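Here the chain labels run A, B, C and D in written order, and each chain numbers its own residues starting at 1.
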Amino acid sequence: MCRWLAYYGSPVVMHWLLYGQQNSLVVQSLHSRMGAEETNGDGFGVGWYGEGDTPAVFHSIEPAWNDRNLQELAWHIRSPIVFAHIRASTGSPVQQTNCHPFRHGRWLWMHNGLIKDFLTVKRDLVLAVDPELYPEIEGTTDTELLFHLALTFGLEDDPPGAVARALGLVEKVGHDHDVEFPFQGTIATTDGERVWGFRYSSEGKSRTLFFSTSVVTLRALYPDVELLQDVSEEARLVVSEPLGDELPGAWNEVPESSYGVVQPGQDELHPFAPIAP
Amino acid sequence: MCRWLAYYGSPVVMHWLLYGQQNSLVVQSLHSRMGAEETNGDGFGVGWYGEGDTPAVFHSIEPAWNDRNLQELAWHIRSPIVFAHIRASTGSPVQQTNCHPFRHGRWLWMHNGLIKDFLTVKRDLVLAVDPELYPEIEGTTDTELLFHLALTFGLEDDPPGAVARALGLVEKVGHDHDVEFPFQGTIATTDGERVWGFRYSSEGKSRTLFFSTSVVTLRALYPDVELLQDVSEEARLVVSEPLGDELPGAWNEVPESSYGVVQPGQDELHPFAPIAP
Amino acid sequence: MCRWLAYYGSPVVMHWLLYGQQNSLVVQSLHSRMGAEETNGDGFGVGWYGEGDTPAVFHSIEPAWNDRNLQELAWHIRSPIVFAHIRASTGSPVQQTNCHPFRHGRWLWMHNGLIKDFLTVKRDLVLAVDPELYPEIEGTTDTELLFHLALTFGLEDDPPGAVARALGLVEKVGHDHDVEFPFQGTIATTDGERVWGFRYSSEGKSRTLFFSTSVVTLRALYPDVELLQDVSEEARLVVSEPLGDELPGAWNEVPESSYGVVQPGQDELHPFAPIAP
Amino acid sequence: MCRWLAYYGSPVVMHWLLYGQQNSLVVQSLHSRMGAEETNGDGFGVGWYGEGDTPAVFHSIEPAWNDRNLQELAWHIRSPIVFAHIRASTGSPVQQTNCHPFRHGRWLWMHNGLIKDFLTVKRDLVLAVDPELYPEIEGTTDTELLFHLALTFGLEDDPPGAVARALGLVEKVGHDHDVEFPFQGTIATTDGERVWGFRYSSEGKSRTLFFSTSVVTLRALYPDVELLQDVSEEARLVVSEPLGDELPGAWNEVPESSYGVVQPGQDELHPFAPIAP
């Protein structure tokens, strides 16, 4: 029900990420290999850091595969952090305010999956959002609401803790309404300095999530692949599904119920569990 | 901050209402004469009754003046009740879910004006919506929320009473947040049998609202105007501003703080005041 | 590279045609079974006859599967002739003026397939369009140009002859530019009285085209299927691919290089060949 | 029938040009002061030079005033040359392929005004376009066709000569069809190194065009205006109408029938006349 990609590293032209691979995100918009839905044509969004204090976001309700403005931006924007998302709506309207990534200050947030029986639990979850943050919600997705729950629970200070408390509340409210498996999905968030990626589902059968092998290792494996020379040693991709299969060893699955941090220096991978309210 | 038109009578082709007059609604989308904003280009919507149990609604985020689909529908749809609305956003996003008229079952609802300081009072008002109705809210306008408050307060049984209670709550919540004049505007609603039009503002200086003179009277005044022969005796228009000035005596201002009912038999005009909670 | 449906018969609510079948056209927009492209998400269009002298056309650049306005129109419009088309662009822009069906006076026209190497042959074909008709061309598709060639060659008087001469020219110009197989596709056209469907490709391997078995025969085969009682005996569907497989015997392939006429009284099926200029 | 702005100078964030002035281009989209049409809400476009060999173009069919993607791009893109255009359609469809600026290789082109009786003369003008260039035309505007005529006549080698020959042909073809005043308007074009601006009409009453006074002079006049310190001495704006009136002496009208060149070193202003074929 969506596919996404997060890039962290030396600045790259977005085209390389979005179009330049065998199974790049724009290819996935027409035919994803591992998605719950094959077609992700209900709009898309990209976020990046460059001019200005906050990241830029671009949202469109068109399918990504034939969108000319996305082609233009992809060729002409270079950034050290790129979030990109293609959407397969699970019912909420196709409109820009429902496109990921969502932004708050310097933070971006995107998600693949769903809060189960969302219309049933929505009101209870909305009531838990900090009333100061509530008016910021402009769309009708579960993802945007989850973002504001995470912000309410301290995302800006402790991302893993805030996400754990937000999902803990989602599970509590879901169970209160007899929803067996209230959450499913993968989440990416960033403050422009680090990128966090989460994989979790109440059911223990989460949507796929992968991260790229370290550039140093890949260069040793594939000394002739030029693009591996072009990016920095710390460059890393976190993706819903691999962008291709030409380089065996390039992609690693994020384990069930875990999260990773991509950051200057050593990246991290930890177990993840919701924290009940 | 919007203009609207409600037609009740013998079935007419929509084009006559939307394009065929000197100051028709589509003309007003570019240059309204009496609106708070001259340009009403932030989307539009039409609702009508025909095939099916519920009314049809068509919503577009394009300006009405150059929209080809609106031209097509206008020429090819005939209906005994037509609601049409052109939008000038006061800040909420331009998206189909923010376009009027809104629908619930057989009911349509549209509005010109605003709930003052909407983001400040929104959460309190949302909490007052019947939790059963709450998940139906798909957009982010004050109008759609007001509609669901009116539905919560019994719109389907007693429209004037429900609107009075909804606006009473809006005024109460506004005053609680130090908003001096919490509501401003005109409202139209219909169940497909009757049309109600309201004109009210906390300030006592409401947006304009007009209704057409009875067809019987107009025929006597203008025996040579052919279109007056084509519509039924009970045909009536309720509009934000007159559709032209070629027929002196054709338009009558709805008084401040009042509402009218257009219906089979004698139409009605009554004083209106909010009912505090 | 597109899928289409043409209905002729007693007036039906469009929803039944577009959504109500196992493999209805809106299902095909996400996953067509027999199309050159599985996804047909680059806009859509519908045309119908009702109010007014000319048919109505509605065009959208959104994918059909999540378009709310299409849902609304489908539920609320009833017509004796419906043309519907979902588009998979072969390169030309996704814009309303490139959406089928195209209209000229009382005529509608839609197409699945392509003029091969269109940009190479386009100028020569444009020069062959009647200069009076030329300014009517508003988009950039091969289909709209082909329609205007057919109009130039007398579509309104002799549809099969005009289409044969138009495709004859397309083949001549293609061969002049070393295009081996200049035309591929299926075409539907109607004047509101009869529907013509063509299946032809220079290569002799044309896109699929099917027509429904006569209602009289189907009623005998399936006496318990209620909807067969609801439509007239002369009702007929012509479609890019069957709308389902629940009723064996319901669908018949249009043979290669042939055309059919759906009309009052006996329908017809004839061989088809282009006429060289 | 459109407004535009061309900036040349030290790299600036687009927001400053599009939103930051009293009468900035986005303000003009709702209420232009000097335009033939007050409202320019039929789409917009921006072009800029940055990453990549060719300039970027972004086109939208939404009105500029409420477009969130334009806000995002404006805050996050910095460029030494910016072309921006807001459209008031004179009849041709509102679609991205009709939005200015148009691009060919490293060239951008935009226009305010019209080729008179365009549909009458269009075919003859299309025939004059280099057949190699013809397939590049994707929209239906007079402006895009004029651009391709100028390219045909050598725009890339001699911009003033090519524009003179293109307008000479437009006048010849117009007069052949009994059009009294075949051309009206202002044109901007750039190759990323220099900017050319033209003001001409067959009638001798051209749409307005202004250029900003030299930064050196403005700094002497207004030593306290900070933004004049931020841009380079060679910075120059060419605009359909002044972006404000706070700085008397800041804007100069381009004379009738003349063109200017903004470039490194001394800018130029010359008389202009079409060259008949």
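Heads up, the rule we're going with is that contacts are C-beta pairs under 8 Å (C-beta built on N, C-alpha and C of every residue); 3 or more make two chains touch, one makes a residue touch a chain.
None of these values were measured; they are calculated from a predicted model.
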Option in A-B, B-D or B-C whose residue-number contact pairs overlap A-C by over half: B-D
Contact-richer chain pair (by C-beta pairs counted) among C-D and A-D: A-D
Interface numbering overlap (same over half, different under half) for chain A and chain B: same
Relative orientation of copies chain B and chain D, as a Cα rotation angle in degrees, nearest 5: 180
Chain A and chain D: spacing of chain centres that average the CA atoms, whole Å: 40
Touching two or more other chains - residue numbers and ranges from chain D: 68, 93, 96
Touch-based graph of the chains, sorted into line, ring, star, complete or other: complete
Interface residues, chain A side, partner chain D - complex: 13, 48, 50-52, 56-60, 68-69, 72-73, 75-78, 96
Chain D-touching residues of chain C, taken from the complex the two chains share: 92-93, 95-97, 119-120, 122-123, 126-127, 131, 134-135, 138-140
Parts of chain D lying in touch with chain B, wherever the complex brings them together: 30-31, 38-39, 41-42, 61-63, 65-66, 68, 89, 93-94
